[in-house]
Amino acid sequence: MPSNSFGSLFRITTFGESHGPAIGVVIDGCPAGLPISTEEIQAELSLRQAGKSPYTSPRGEKDETEILSGVFEGKTTGAPIALLIRNRDADSSKYEPIKDLLRPGHANYTYLQKYGIFDYRGGGRSSARETAARVAAGAIAKKFLAHFGVHTCAFVSEIGGIAMPPPILKNLAALRKKTLANPIFCPDEKAAKKMMAAIEAAKKEGDSLGGILQGAAVGLPAGLGDPVYQKLEANLAYAMLSLPATKGFEIGSGFAAARMRGSEHNDTFETDRKGTIHTAGNLAGGTLGGISTGAPLYFRVAFKPTSSIEKPQKTVSTTGKAATFRLPPGSRHDPCVAIRAVPIVESMLALVLADALLMNRLSKI
Amino acid sequence: MPSNSFGSLFRITTFGESHGPAIGVVIDGCPAGLPISTEEIQAELSLRQAGKSPYTSPRGEKDETEILSGVFEGKTTGAPIALLIRNRDADSSKYEPIKDLLRPGHANYTYLQKYGIFDYRGGGRSSARETAARVAAGAIAKKFLAHFGVHTCAFVSEIGGIAMPPPILKNLAALRKKTLANPIFCPDEKAAKKMMAAIEAAKKEGDSLGGILQGAAVGLPAGLGDPVYQKLEANLAYAMLSLPATKGFEIGSGFAAARMRGSEHNDTFETDRKGTIHTAGNLAGGTLGGISTGAPLYFRVAFKPTSSIEKPQKTVSTTGKAATFRLPPGSRHDPCVAIRAVPIVESMLALVLADALLMNRLSKI
Amino acid sequence: MPSNSFGSLFRITTFGESHGPAIGVVIDGCPAGLPISTEEIQAELSLRQAGKSPYTSPRGEKDETEILSGVFEGKTTGAPIALLIRNRDADSSKYEPIKDLLRPGHANYTYLQKYGIFDYRGGGRSSARETAARVAAGAIAKKFLAHFGVHTCAFVSEIGGIAMPPPILKNLAALRKKTLANPIFCPDEKAAKKMMAAIEAAKKEGDSLGGILQGAAVGLPAGLGDPVYQKLEANLAYAMLSLPATKGFEIGSGFAAARMRGSEHNDTFETDRKGTIHTAGNLAGGTLGGISTGAPLYFRVAFKPTSSIEKPQKTVSTTGKAATFRLPPGSRHDPCVAIRAVPIVESMLALVLADALLMNRLSKI
Amino acid sequence: MPSNSFGSLFRITTFGESHGPAIGVVIDGCPAGLPISTEEIQAELSLRQAGKSPYTSPRGEKDETEILSGVFEGKTTGAPIALLIRNRDADSSKYEPIKDLLRPGHANYTYLQKYGIFDYRGGGRSSARETAARVAAGAIAKKFLAHFGVHTCAFVSEIGGIAMPPPILKNLAALRKKTLANPIFCPDEKAAKKMMAAIEAAKKEGDSLGGILQGAAVGLPAGLGDPVYQKLEANLAYAMLSLPATKGFEIGSGFAAARMRGSEHNDTFETDRKGTIHTAGNLAGGTLGGISTGAPLYFRVAFKPTSSIEKPQKTVSTTGKAATFRLPPGSRHDPCVAIRAVPIVESMLALVLADALLMNRLSKI
C-alpha cells in the first residue's frame, strides 16, 4: 500500500525531493551474506549522472552514496540497507518566478489538486531525481542476481523515430558493454549516430524528442513470476510505468502480436541435444502464463519527449490566469529523457527479478 | 504480496480452477452502505459469457453468482464480500490424452517448473475462467464508482490488423451502449463487420487472431493515483498485464509519443468559461505525474492471438519427447480472445479506480 | 492492510457472518506438494464444535468443509486454497426483538458507529463463528508444520481462578492427547474437575466465567521470527488479541518477569553432550530478540468471561433509551468461551509459525 | 511483510544499527498539510535520552534529528518524511573482547542462527537504539492525533514489584505532566520514591529490575480499529511486543478478567444528560469487538529486567565452549529498561492510533 515502496520481498522505499537536503532509499528484505561495497553502488549511479555528453543536461552535481546501515564487514546482514545521497548542487531560487504557473506536461497541477501543497523547487518529489535512489538500490539487486547467474541490460532502441535493428540477446554481456560505451546508450553505432543528429536538431529548435528503450535479462531459471496477479510481465509493466515520462510497455511481440495469427505467434516446444526443453522461438518474450520459461526476457518501454523545452508555451497560473511558460534561464533539462532512463530501466528490471527470485523460494514444500 | 490478491484498499482475492468445484472472489475493503444485488453482478457476468455469438467459444455454462457474505438488507456492511460461482459444465475427461504434452503458448510448462504439479484440466488456475471472478468483483467496483459519478468503458478497437477510427470519449455512456450492442464489442459498426469477416476467415483455417482493446473512464476527480510507485498508469499497466494473453499497454499517446516532439506532445493548460482549469488537448491520456487531471482517462491493451488453435502444432511431452499437439475434439476456444476480454478489461479498470478513489481520501489532513 | 487477512506469506482471508449463507477462508501462499484431505480439516473443525459437553453451548450444527480450489489429486498445487463451510442451523428470527438494544460486552454499538449498519443476526461478522474458518485454515498450517517436525498444542490452564500446575512441554504429543481427551480441554484431570464444578455453579446463576489458555510449540528450528517488527512474540500477540474475548497475552515469564531481577531472569547458555548450544532454563519462552532459539515456545492468553449471560442487564437502545437486556430464549452461549477457544488458539499459533517458517527461507543468500 | 516496517496507512520503516553511521525512519502515508518542525521531534526524542538521571544509563550522546524530506515551508507535503539521527558517541572497540560470547538474554545467538552474520557492536540492529527512530516518528503521529483531539500518555506503573495505585485517566494532560516531571516517569510520587530505592539497591548489587508500563489515550472517536484481524487491541499488542524486552500485554481488565464473572465484567450502556451513549464502567479498556467505544483506552505492558547486568554470568562461546560473560568496562546499560521505554510505548500507541484514524476514513461510503 505505501506509495513510496516498491517490491514485495526485496522491497525498496525511496524518499527525497529534488531540492531538499537529500534523497535516499531503504532496502528491506535483501538476504544476509551478499558482499556489497559503496564503490559498486557508485559505479551504477555514475551511469545516470548528468553532464556526460551534449545529449544530456549539464547538472554538475556528483552523486555520492553513503551506506547508513545493513552492511557489516562488507556483507549484508539481513538488516535494512539505507543509502543516502545528499543534494549538493541545488539552486532553487530560479524556480521562484515560475512557482505559480502550471507547467505543461508536468505534475504541479495534479500535486496541488491532490495535496493542496507543492514543493515546486525542481519538481520536488515528482522530479526524476528520485530515480537516483532506485539506481542505488538497483545496484544491490544486480549484485544479488549476479550471485544466481542472472544478468540484465537496458539500452536505447529508438529515438525520434530512428530505430536500431533488433539485437541478439544471448550474449547480453557484450551488448551491455557496447551500450555503456556509447554516449546515448545505444549499442548500434550506426543508428546511434543518426539519433544524435536528430537530438541536436531538436535541441537547436528548443525542442525535445521521445524514444523507446529495450530491457532484457538472461540466465533466469524457469519459474519466476506468480500465476495470476504477480505475473512477471505485470510486475515489469508496473515497474516501468512507475518511471516518469513513460507512456507504454510491451513484452516480447507486444503490440505486434495483435496483428498476428496463433499459428505464427505460438512458440513451439523442442528439446536440445542435452534433453533440455525450451521454446523454438521466443515471441512470448521469456514468459508463459506470467512465469519465466528460462528463455531470454525482453520488453520495450515508450518515453514521451521531455516536457521541459525552451520554446515558450501557453499555460495558466494556479489561479487560472492565462500566461506564457518559459523555462528559467540556466535550468537543466535533457533534450531526450529516454537516454538517461537507461540505467533506471535496468535497475527496475533488476528489482523485479530479485523479488521474483526470492518469491520463488516459497513455491514448493 | 499474496499472488492471488489485487488492489490495496479495495482489494480482491480470487480463487478457483477451471474444472474444480467453483471459482470465487473475496472483496475486502468495500465501504459500508453501498446498495448491491445479485442481479447487478449477474448482468456484468453475462457479458463475458461464452456462446454469445459465432465469434466466441460455445461453452454453454451459465455463470451464477451467490453472494456469501458482506451484504445485509441489500447494502454492503463493511465486512468482506464473498462471491461464489460454481463450475457446472466441466467435462475434464477430454483433457486426459493431452495431459503429458506441453501446449504451445500455454502455461503448463512453467507451472510444472514452478510447482512440480499442474492441474491440467482446462488449464486449471491458468485458465481465463479465473477472470469471471474479476468481473463479479468489478461489478461492485463499478457500482461504487457510479456513486461518485465515475463511469468506465472498454471496447474492441482493432482485430487482425483492422482498426476502428479513434472514438470520442466524452459521451462514454453512448459509446458503451454501442459497444454492448455489437456482437464483438466494437462500437464502430463498419470496422466491426470487417473484423468479423477476418475472424471467420481465420477460424475456417483453424487459426486465431490477436487484437487491441481500449479502456476509458470519465468523471474522475483530479488527484487519483499516487506520485511515485502507485501512479495511476502503473496500476493500470499492472492490472492489464495480469490478464491472460496480454502483451502490451499504453496510456494516452503511448508508443506514438516516442516519435513526437515536446512542443507537439505537451498538453497546454487553459481555463474554461467557468474558470475551471483543464488541459487543451489530452495526449497524456488523463494523468500527469501519475495523478489524474480530471480529463478522460484512456489506454490500450494488446492481446495476442488465442494460443489454442485447431491446426496441429509441434511440441514435446513433459519428458521431452517430440510430439504433435492437437486440441481434444469438442474443446472450447475463442478464435479471438480479445473479444471476451472486453468486460474483464473494464472490470480491472474499475477496480483500479475504486482503489484510487479510496486512497485519495488519505491525501490531505 | 485488508482487515480480513492474516499472515504475510502463508496468508488467510476469512469471510462470512454467523447467520449468512456461509463462512469460509482463502489460504494464499501454501506451497505446492503438501498432501491434504477434507477429513484432516474436518477433524480439527470438530474440536471447536458446539454441543460437545454441558460446558459448551448446544448449537447442533455440524460444520462441513468443502475444498473449493488449490488441491489436485490430494496435494496442494500452489494455487489459493478456498474452504467453504455452509451455515445450516441458523434461525435468526429470535434476534429480531433485541436488534435495537445495545448488548453489554458486545460489538453492535461499535459496529454501528463505524459502519452505520450492523448485521445483528447472531452477531454477524463479530460472531465467534468466524473462527471456524481460522480452524479450517489452521488444519492446513498444522499439516505444513508437521512436515518440518514442528508440533503445536493449546490447552485450558485456568478457569474461574482455578489454575492447573505448569505442565512439562517437552512431550507435547502426550500433553495434546490428554487435552483432547478432557471435556474442557484441560490436561490436568484434578484441576479440570474443580473447573467444571465452578462452571456449573456459574451457569446455574445465569452467569459466566473467564479463563486462561496456554499455547506451546516444539520442534522449532532456531531462526523463526524477524528481528524488529515481525518478532515471533509480536506476531503471536497480534494473533491472539485478534480473537474475540481476549484481554491479554504473555510469553514465557510474562508479567511475572516484571517482578524479577536480571540475574534470575536471564537464561544462561550451555552446551549439551552432542555439542549443541541451548539455554539452561527457558523463562524467555522460546525466543530471544524476537527470534526462536529452538527451545519450546510457550505463551498464555487471557479470556474474559462470556458476555452473553442469562442474568438481565441494564442497557440502552440504539437511540439511547434505557432498557433491560435479556437473552432471547433458546439462544446459544457458552458459560466459558475460553474452552471452545482451545483449537482456535492452536490454529492461530500454527498459522503464525507456518508464516515464520516460510519467511525464514528468505534470510540468507 | 517487510520486517522493518510498521503500520498500514501511516507507515514507518526504520533502519540503522547501534554503532553504524546513523539510524533513521521513513514515514510514508502522513497526509499533507500537517505543520511539523524539527524542534517538536527533538522534544520527544530528548525524553528517551540517556543520562538523564542515575536511574538510566549514562550514554552522553545527544540525538539530533534532521528532516530529510516530506516537509516544505513547515508543513507535510504528502511525500515520505525521512528523519535521520547520526550515531556520534559510538565507541565499538570495547565490544571486541566479547564478540564471540553468547550474551545471556540477548539476541546474538538467534541472529547468528538466522543470518549467519551478526553486527555485534552494541547489539547492532537488535539494540534498543532502533527505538529512537520510532520516537521520532511517534512525534509526528502525536501531532497528527492532536489535530483531531486525540491525546496519549505512557507512564511507569510498577517497578520491582512496587505498584502505584490505578490513576484517573480522564485528565490525561495532567497525568502526562506529572509523569514527565518525575525522574523515572512515574506520576505517583510516593510510589516513585520506593521504586527509585529499589532500583538503587539492585544497581548496587550489579543487578537489574523489571517493570510494568501503562499506556492510555483519550479523545478517540468511536469506530477506530477493524473488526477481525486489525482489532485495535491486536494492533496495540503487536506494537508493544515488537519492543525489546517486553513479555506481556493486557488491555482493560486484562489477565484479571480471567478471574471475573460476566455479570461483573460487562460494561453496561447508559446515556448521559446530553443523550450521548457511553459505557458506565470501562473494564473493556476502551474497545468492544476490537473497535474503540470512545471511552479512554488503556493497557499495560510487562518489561523483563535488563539483560545486561554487571554480575558475571555463565555462558558459552559461539563455538560452544564454556565461558563467563562479563560486561565490558564502561559499557552503558540501564538498571531498569522499563523507564526509558515510556516515550517509546507512547510513540507506538500514537502510531497505532494514527493508522486507525486514517483507516476509519475508509469505512463508510
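Letters A, B, C and D mark the chains as written, and numbering starts fresh at 1 in each.
In this section, contacts are C-beta pairs under 8 Å (C-beta built on N, C-alpha and C of every residue); 3 or more make two chains touch, one makes a residue touch a chain.
This one's a predicted model, so the numbers in the text were calculated from it and none came from an experiment.
K.L.:
Could you let me know which interface, A-C or A-D, is made of more C-beta pairs in contact?
P.N.:
A-D
K.L.:
Roughly how far is chain A from chain D, centre to centre by C-alpha average, rounded to an integer in Å?
P.N.:
Centre-to-centre distance between chain A and chain D: 39 Å.
K.L.:
Determine the centre-to-centre distance between chain A and chain C, using the mean Cα coordinates as centres, and give it in whole Å.
P.N.:
46
K.L.:
Which residue numbers or ranges of chain A touch two or more of the other chains?
P.N.:
Correct list: 1, 3-5, 8-9, 14, 29, 32-33, 78-79, 111, 114-116, 125, 227, 363-364.
K.L.:
Make each chain a node and each touching pair an edge, then name the shape: line, ring, star, complete, other.
P.N.:
Topology of touching chains reads as complete, every chain touching all others.
K.L.:
So in the complex, which bits of chain C are touching chain A?
P.N.:
1, 9, 29, 31-34, 76, 78-79, 144, 147, 227, 358, 361-365
K.L.:
In the complex of these two chains, what residues of chain D are touching chain A?
P.N.:
1-5, 8-9, 11, 13-17, 20-24, 26, 28-29, 32-33, 66-70, 72-73, 75, 77-82, 84, 111, 114-119, 124-125
K.L.:
Can you list the residues on chain D that touch chain C in the complex?
P.N.:
Residue list for chain D touching chain C: 1, 3-6, 8-9, 14, 102, 104-107, 109-111, 113-116, 125-126, 130, 158-161, 202, 207-212, 221-223, 225-231, 233-242, 244, 246-255, 257-271, 275-277, 280, 284-285, 287-294, 302-309, 311, 313-316, 320-322, 338, 359-360, 363-364.
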